[in-house]
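So, here's a batch of structures to check.
One chain, chain A, appears in both complexes that follow, with chain B as partner in the first and chain C in the second.
Let's look at the complex of A and B:
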């Protein structure tokens, strides 16, 4: 149904729509929801490399997101450095965590890798919860300052919206380039046939670590952005539920594509809000929809449209 | 067929996201309620019923300023993100005031939103941090942890002659806050203490209890949400740590008591904002009215009482302000004098805290009975 040329047009329409949205609706509720969706998109772009393309289920993303958020929050509230400088430290931490998480993935597969990443996420949350003097413990960190850009404090939701939109477009472009690069092709090849990758003389171990590192850096940066978007963070946000939500974004939206991550992040963060009219049942309806999606559209919504194109493009048998 | 269905499903999901929200009516005065209706632990249903009962009573009496009152109930789930969205939704729905949320972490996450929107919010979060926030629009309609934990610690030392206290607390902001305040009090009066945390969702606290036994404690203080009590109480009993025990208000909540056995919590004490066995006329009248409205099988607890009082307090402030201007309501709230709430007489201090008394109670045969009211 959609070719790569078509998807480029869809990206352009989406970007224009996102740029114009605040001009049409100045409602803080929608603006804030979209801000959060932008942050989640960055996480999903990264997770797409490791879970969507390489096929390694990472259920510890909330832990990396948490480290990014706390690193930026603590550096800016305790040492009063600029959030931009803190962001550099966040990137460094993301890089180190990615490599540290990538190595166990070389020896572990399937459910064992999932369990290891779950354990990582839980260890991070427990450490943050219990290192009370350093992290504020369960009370969390308050009064996290906003980003400042060319002398403008990003202290209104509208400024934050455009800032996050710009950052998301930038990371979307990076993710897009990686997906269609040599790395992207090897990621998919590892998922489909790891032995073939090694036979071709490509080190699958090295590529797996690259995928983990990319996912970790993206998640850590998103965590840093989240801290300054929210202004207050506490450990109760960074649970296994959040990690599962990130995986749901990639799987329901459509693995292996940037558009899938965009759609997944929007669906997971906005759909429950749009279902509020169902009263007490809105969460259960949301999860039933996710359940139906995973059964009927296992490759994600975007791939329903893309696969049709692939099917059509197949050469006819003589 | 499957592909067509998949495409239809995908289109349906996309359209739901793009669906417009319901537009609010301007003929009514809207009061928002932020309640935990989904997620864990659940107490939002009782909050909503209490608040709705207050609104119905106000409307039956002719409304406020000649207008009917409408309660806009939104779920805050159990994450700060949902809390932020709910608060923004209420602000965009043009509520004149917000009652709730119940948990301190959600209060802390959204207080900056109501400050920017200049909408008074009456929260039930009891963390001491809330009182320290410089926010003119933030009020509290329950006794703070500082008061509750100090009252509990004082009673252990002065009333029950404790010399060596073991504190078992939930590792969330609520449990940690209570533990910090109580331990500070024990240190100041020269009482030995040990403190051991657990996660509210833990299914085994044997290690923590054995550490308490090893410390030679002669009394126990428990500070945790309702969800932790069945495990903690059962294991304390099974491991034989049967000493004078005092808890936070969770023990006085009927839904919590319903999950406990009589021998686990016999003779335990608790501090609480609300007690059904309190013989005060206003409390008994409230219980009768609540049971008449929702049926006798509905348990009345502090959630119904606190948020019923919160809505009534807001209505009183709007009436006194003579306007729905949020600044006028905020000023009227600050000028409140001796408003008779179900959970106590409400007078704001400079930090916007309305409740300055707490009830001491004891559990016998799974019934929590009133002992006395302790002032600040």
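Let's look at the complex of A and C:
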């Protein structure tokens, strides 16, 4: 069993491994896959607050990710502003969506967030798909410029890899700080016993909105990074399926922990490659694995090894 | 201190409280007794804003709090320790205590002092401070729920069936703790109980609820002698 001290060592080993990986492997394909995994990690770090810790199922992350991606892509290709400036707009949008979608859906207890977020994700995708003049419709947006850092264009796989790694570490640190702050404790308390949160003098709906807004901001930023990583985006990426994958990352990897999101994001982005030999059976095998994991280890893989959650999974109230 | 004037509360179409009035003064222990479903918890929940009364008003320290949100009511100084030991099972004992002080924005030093104060009152909690609350015994969880309530330095505490499901020996300890909170910290206490004998014993005044109405109220000593209370709540 690992304590918090041990997990610090694990993070150190992981970061060193990630730094060394391109030196060992020249396979650009794996490097590209890992870049995507880094972007997914940032989404998972955010989603962990609302779904992993607070226990509110958010199935609209792909929609927020999509808005982040298109905002940055359209701003940089149509108005030619710097991707960095676009990133500020993306953060603002994430914040606004978080409040505007979270406020009406989270004041109620229950499954409402799942429903409103599913609807939101689909509305965004349909709009992007059909507002052809503005978004390029099904053809998507092409030739999205890369980020520039200290005069270097991040236009090679290797530069992109280290840039995304650095950004992911930064967001991982932010997420870690939040998880172990008093806010993190309140997030967990909501999943644990929402009525008691109110009797402690804390507005549970306000806390849920904060967790949801954090998730939205993280997802929007990751979407912006995705647009410039990919160079080309189209609406077919941002489906409900992607939203479900994000939830799988958080819950199967290990809810309530940064390490769980890291593991979940790597699994979900790499596993398809490892299971490729299964051909058309890939999807069914993947979901059978998800099924088994959920039943046997409802708190996720990482929490099996963490001291913190020695007790059995507690039935969710609410 | 707290005055409830003619409140009526409904769950959907079912009326749970009919024109209930009730009052507690400074430094008093007031008990509310009644059978299951008499409306005791509904009265507590109405005061705390966990359900909204349809009619009537609730006044705390001369200010109306009738339609305030629960967290605002806690901020004004009323703490509710709900029935069924509502702790946070997946948080440690210490984290549970800190949750109770969340709305107060204490400095780190005041917070640790406050926690130490709780450990003085409840030494068992100190022994178990790193343990998850879900692994505590029923009595310990109830003590934790009380301690968590005290963390925000309340001006009024309302206990909802604190003796429910506890072993008799622990029930005695519990009532002793409640009395000492009242005597030593001068906090007025509303005690909702099915254990009518204990409730009457430690309170100065008592209200008897029946079917959502106040059936009787008066000094606890006098109610203890009333034949009606005797036959209905004290087993003859």
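Throughout what follows, the second predicted complex is superposed on the first by the 299 of 318 C-alpha atoms of A that agree within 3 Å, B and C clash if a C-alpha of one lies under 4 Å from a C-alpha of the other, contacts with A are read in each partner's own complex, and residues count from 1 in each chain.
Simple rule for what comes next: a residue touches a chain if its C-beta (ideal position, glycine included) is under 8 Å from a C-beta of that chain, and two chains touch if they have at least 3 such contacts.
Please read these numbers as outputs of a predicted model, since none were measured by experiment.
Enquirer: Just checking: does A:29 make contact with chain B only, chain C only, both, or neither of them? Give me first, second, both or neither.
Expert: first
Enquirer: Looking at the overlay, what does A:82 touch: chain B (first), chain C (second), both, or neither?
Expert: After superposing on A, A:82 lies clear of both chain B and chain C.
Enquirer: Hey, is it chain B or chain C that touches more of chain A?
Expert: B
Enquirer: Going by the contact rule set out at the top, does A:198 touch chain B (first), chain C (second), both, or neither?
Expert: second
Enquirer: In the overlaid three-chain picture, which partner chain does A:294 touch, first (chain B) or second (chain C), both, or neither?
Expert: Neither partner.
Enquirer: Scan A:185 for contacts with chain B and chain C and give back first, second, both or neither.
Expert: Second partner only.
Enquirer: Taking the superposition as given, does A:139 touch the first partner, chain B, the second, chain C, both, or neither?
Expert: Touch partner of A:139: chain B, not chain C.
Enquirer: Between chain B and chain C, whom does A:275 touch in the aligned arrangement: first, second, both, or neither?
Expert: So A:275 only meets chain B here.
Enquirer: Pick out the shared contact residues on chain A: the ones touching chain B in one complex and chain C in the other.
Expert: Chain A residues touching both partners: none found.
Enquirer: So in the complex, which bits of chain A are touching chain B?
Expert: Checking each residue of chain A against chain B gives 27-30, 32-33, 36, 129-130, 132, 137-140, 142, 230-234, 236-237, 241-242, 263, 266-267, 269-277, 280, 282-283, 289, 292-293, 296-297, 301, 304-305, 308.
Enquirer: Spell out the residues on chain B that touch chain A in their complex, using ranges where they run on.
Expert: Spelled out, the residues of chain B in touch with chain A are 2-3, 5-7, 9-10, 13-14, 16-17, 19, 21-22, 37-39, 45, 74-75, 77-82, 84-85, 88-89, 91-92, 105, 108-109, 112, 117, 127, 129, 133, 171-177, 197.
Enquirer: Report the residues of chain A in contact with chain C in the complex, numbered from low to high.
Expert: 182, 185-186, 188-189, 191-193, 195-203, 206, 309-311, 314
Enquirer: For a test of understanding, state which residues of chain C touch chain A in their complex under the given definition.
Expert: 48, 50, 69-71, 74-75, 79-82, 86-91, 95, 98-100, 102-104, 132, 134-135, 148, 152
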